[in-house]
Amino acid sequence: MFNFEITALGNMFFGLTVLVFVSLFFVPNKHRSVTLYSLLFASLACIFYASDLITLFIGWEIMGWSSYFLIAKTADKQTLQKYIVFNIGGAFTLLGAIILIYGACGSFVYSELDFSAVPSGQVTAITILLLLTLFVKSGIMPFHYWVVDSYSQSNDLFSAVLSAIISKTGVFAFILIFFQIITVQYLQTPILEVVAWLGVLTSIIATFKAINEDEAKRLLAYSSIAQVGYIVTILSIMGSLSLEAALYHTVIHTFVKLLLFINVAAIIYVSKQHRFSTLGGLLYKYPLNFILLVVGIISLAGMPPLGGFSSKFLIYTALLEEHKGLLLAAVLFSSASAFLYCYKLVYGIYLGQPTNPKTEAYPRIPLRFYVPQILGAVILITLGTIPGVIVPMFNGILGSVGFEPVLYRGVFVLGSDFASFNGGVVIGAFGLIFVLILLFFVRLKNRSVKPKDRLDISYCGEVPRADVNLHYGYGMGRELSRIGLIKMILSRSSHALWQRVSTLFGDLSGITQKLYTLSAQNMGLVIFAFFTILLYMGVK
Amino acid sequence: MLETLNQTTFLHTVVAIGSFTIFTIGLVGVLSKKNLFKIFLSLSIVESSLFLFFIGSHFEVGKAAPIVADGIKLFDGHMVDPVPQAMILTTIVIGVAVLALSLTFVVNYYRLSGNIDIDKMDELGEVQ
Amino acid sequence: MIGVLIVIIFTALTVIAFWVVSSRDLSSSVIYFMAFGLGSTVLYVLFSAPDVALTEAVIGAGISGVVFLVSLLQTQTKEDT
Amino acid sequence: MSLVYFIAIPILASFLTPFYKNYLRFVSVLVNILLAGFAAFFYSRLPLNEFISLDSPLSIIFILDYVSFFFVSLFIGVMLFFSLYSIKEKNNTAVFVVTNIFTSGALGLILSADIFNIYIFFEIASISAYILTGLNRDKVAYSGAIKYMIVGAVASIFLLLGIMLMYLNLGYLTLSSIGAGFHTMDKGIQYLVLLSLFIGFGIKTEILPLNFWVADIYQATPTKIAALFSAVLSKAYLFVFFHILYTLKVDAPALLFLTAIGLLSFAVAELSALRSKDVKRIFAYSTLGQLGVLFLALSSANVVVVSGALFLILVHSISKLMLFFSLDLVEKKMHSTRVEAFAGFRSAFLFTIFAIGFLSLLGIPPFAGFIAKLTILKGFASMGAYGIVGAILAISLVEATYFFRLLSANQRSKKTAEIKVPLLQKIMLSLLALAILYLGLFPQGLLDFCTDAAQTLIQGVIHV
């Protein structure tokens, strides 16, 4: 039953898991359940090191239900129902795919699976089922309903786990299954084409949803969906460079989301506020937190000089190399729009006027919140400076999956024959510019005027009342909805559909329930009617 | 005329038709009557019709009762097959046991609820 | 001869069964039921099944009838409808 | 040593009750331990046929082959568990009198290999079930019992009809001879016989159009007894039905029909549970659903699927025992089995037990239900019946929704009462939970036995 195998791919994901779990261990948390977290950890190990599909499935399911119990304490009824329907449903499609694979190949063990003799229709069915599973776990668009609510309503620590690790299991399984088990030549390109576009559309839609979001954790959840969307898009190209890009982005995104979720969690912990409209102006109170956030969002937006740029660079070059111009444009569009919500994080929480009068009374952030953040920041900065340092690990994975590594083995230089950049030079240049700007502002500081209270806007023409929300984050993104396409994206909500489906099933259930309350006599009538019908059918 | 009446095949037909009629009457009683006593009476009649059918279908004209008397040591071709009779004996006894039990329940139910109408038994069902 | 008897008794049993089911008065229903038991006893005798006949007479007609009557006494004797 | 002891000892134990009225609960435990000893004794002597009186075509035969041994040991285990679990209930002699008869009825059903004995034990088991339903002695219980008796009487009428038709046409009662001669019968009669058997057993095995009474009966029955119905009674009828069916070697369309009925049964039952507001009824619906799966799996005539079904029977029995017994504890404290009451208790132990039971029923690893489900699905995959695989998985999703709804209701709501589980109950329930976990992690030994049993079942009773 339980068969394990240590692989380079498993090592990478498991390494990420260990780092995330260990650093999160320091974070204070009200709902700390050691049993459930260790179960979750064990299940992740089970997924990453499995050597047959059953072990993978066991890990997958344990991950599903242990996360459920972790969420259940804080989430509301509907969120939980969505979570369970999507995740158990996803697991069952995985089981269905596994059973199909067993029917086709007669085995569960990775190394014994051979799809060369399997009819292509069956391979397509298997592929679609597996993709459904992966899409559900990583929240690709039509299957993302559960993600945002679950991320935002679970406790702050677990949101980080969900986004940093659990959404990556989908990526892991994608690489494992489509790069290693069902190898490239058996996969139909139309499916991959669809997957690529689904991924990129997901990232665009999620980005705009994020911009319009007023709740910090929901914003991060949408951002997480968008980022995993890139990964799926780039994976679906199925080339060496794209695989390395996907792996790189996985690593970056794990630490970015670890950093950002814990960063926000720290603010929520001290302020008990989780909406941008009730936060703001915390820069001078929590400067360290602010700096860490900046590190996180620079990486999230994929700007040089931090780690995010390295992975985005690889993604763009991979798309260019395969001549996927349209996809590249879409990714660039979504990536550029991501600046908007990144800015919202900075402004909404740290800049502007504090909207909440209690701001002065907020306590200090416990130091333990900084452990995962600093870990993330150090890694992101390192990967920005010496981006080539983890390339050997990726090359090892590519080798084990049967692909030719294409990335250079330099430390400062990241890139393939196609394009490359020197992380040291980039960070040096940006560092210089940064220092210059800093000096400029330090000079300006003496001349700036400090406001006395939040309503003191002495340079404006009018004097606002106390109930006017002056916060910039309040209503941000509202103007965007004037643009037709974006308005369409924003106005669509899964809620109504979900409501309709659950009402439908409830009504059906009500009808069948009526049957089970038949009186004894009607029961007898049913029995004899059934007997007569069968008799009639038999006689005929 | 009377000769044909005495033939086994004819008798079997009579038994089949007769017991089927009684079965149907009982069945209609079970399904249409609202009084619990009536339902259990009808069930007994349905059962009895089955017994009649079984014993009757096994009977062949001219065969004696399967009783091993002084001279006869073995069951043979002149006797009716004893197995169905043994079966029916057992079944009748079981039937009465079940009947007594069900009537106990009916009486007890009546004492608690003052009702022996099957349509008024609404204690069970989905809570809302 | 036996054929005629069997036909007659079956007819009678059918009628009695109908009475059992259709009678308004529950106690007369039970009486009819006992009569039904006796009728089938005769049939069992005709079918060369004296042991079944005995059992039916004592248990099928006798005891069940009594059980019915006793429980009727404890409840009501008229059918409501 | 004779197989009759399996039936005689429990029935004697309850008939001799006046001699040890106050100690019957201990006697019941002893009886069940004794039976377990017998089972262990017979294990090395499988398979076993035993004739009582007369020669082969007419004699009373008991057989104990792999599959009946599986059921016998399962039932003895369940009854032993039940008697140990309720050993502290001093004033409840009536339960033990009836459960002992119930045991012997169920064991008799499993062991007897001639069709009339099957009828007799069918009735014995049914009668004890009627009495058990009425045990609470209130309006609800009596009305449930009356309903049960009417439906049960209809079932036994159909079974009797089938048996009579078979005997009239073949002159045999033993299963093996009937199996050998069945196909010499007229086609129409064959169909009628099968139909009567299907209706008779279908009512008792709680299969779709014939199972509309079940939820009410479970609701009326004392909660712990409902566990016995779910774990023992329905399984006994199920086994006997398929034992007869495979012995008669029915043709493929008939089996396909049963498969369809099983699937439909599964779907409708799970759908009904979705909106139910009474936990006991939800468990009843879930039992119906699982019986649908069993029906569907057992009618596949495939060794792998059937062995998975046997595994599922064991797992389902354990899970339902666990769930109903825990629900009984909840009911005692909250005086209700409604969902609100279920949501209101506080007990980490009971919550864990419920969670394990639910996950196992859903077939979610690492619990034993997963192995059963996997084996069944694997078997269907090897038959190429992917449609059934998909249907089972889709319906299981519905099942997951309501089970997790219950769990989250408890986890999220305001707690009104703390339940302290007594030590004995705690130990017993943990044993069941551990068994589920153990079977989920190390299923191989049991699976091997199930494969043997499945082969025996599919082969039918062979003429000796």
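Assorted remarks:
Letters A, B, C and D mark the chains in the order given here, with residues in each chain numbered from 1 onward.
Everything below uses one rule, namely that contacts are C-beta pairs under 8 Å (C-beta built on N, C-alpha and C of every residue); 3 or more make two chains touch, one makes a residue touch a chain.
Bear in mind that the values here come from a model prediction, so they are computed numbers and not experimental data.
Within the contact network of the assembly, the step distance from subunit A to subunit C comes to 2.
When the interfaces B-C and A-B are ranked by how many C-beta pairs touch across them, B-C comes first.
Ranked by how close its mean Cα position lies to the mean of all protein Cα atoms, the top chain is D.
A straight line joining the Cα centres of subunit B and subunit C is 10 Å long. Centre-to-centre separation between subunit A and subunit B, using Cα means, comes to 70 Å.
Subunit A and subunit D have centres, each the mean of its CA atoms, that are 45 Å apart. Taking the mean of the C-alpha atoms as each chain's centre, subunit C and subunit D sit 38 Å apart. The residues of subunit C never reach two or more other chains; the list is empty. Residues of subunit A found to touch two or more other chains are 513, 516-517, 519-521, 524. Touching of two or more other chains is recorded for residues 30, 34, 39, 58, 106, 121, 124-126 of subunit B.
Viewed as a network of touching protein chains, the structure does not reduce to a path, ring, star or complete graph.
Under the touch rule stated earlier, the contacting chain pairs are A-B, A-D, B-C, B-D. Residue ranges on subunit B touching subunit D, taken from their complex, read 30, 36, 39-40, 43, 46-47, 50, 53-54, 57-58, 81, 83-84, 87, 90-91, 94, 97-98, 101-102, 105-106, 108-109, 112-113, 121, 123-128. Within the complex formed with subunit B, the subunit D residues making contact are 58, 116, 119-120, 123, 126-127, 130-131, 134, 137-140, 142-147, 149-150, 153-154, 157, 160-161, 164, 167-168, 171, 173, 216, 219-220, 276-278, 281, 338.
The residues of subunit C lying in touch with subunit B in their complex are 1-4, 6-7, 10-11, 13-14, 17-18, 20-21, 26, 29-30, 33, 36-37, 40, 43-44, 46-52, 55-56, 59-60, 63-64, 67-68, 71-72, 74-76, 79-81.
On the side of subunit B, the complex with subunit A involves touching residues 27, 30-31, 34, 39, 118-119, 121, 124-126. For subunit B in complex with subunit C, the residues that touch the partner chain are 2, 4-7, 10-11, 14-15, 17-19, 21-22, 25-26, 28-29, 33-35, 37-38, 41-42, 44-45, 48-49, 51-52, 55-56, 58-59, 61, 63-67, 79-80, 85, 88-89, 92-93, 95-96, 99-100, 103-104, 106-107, 110-111, 116-117.
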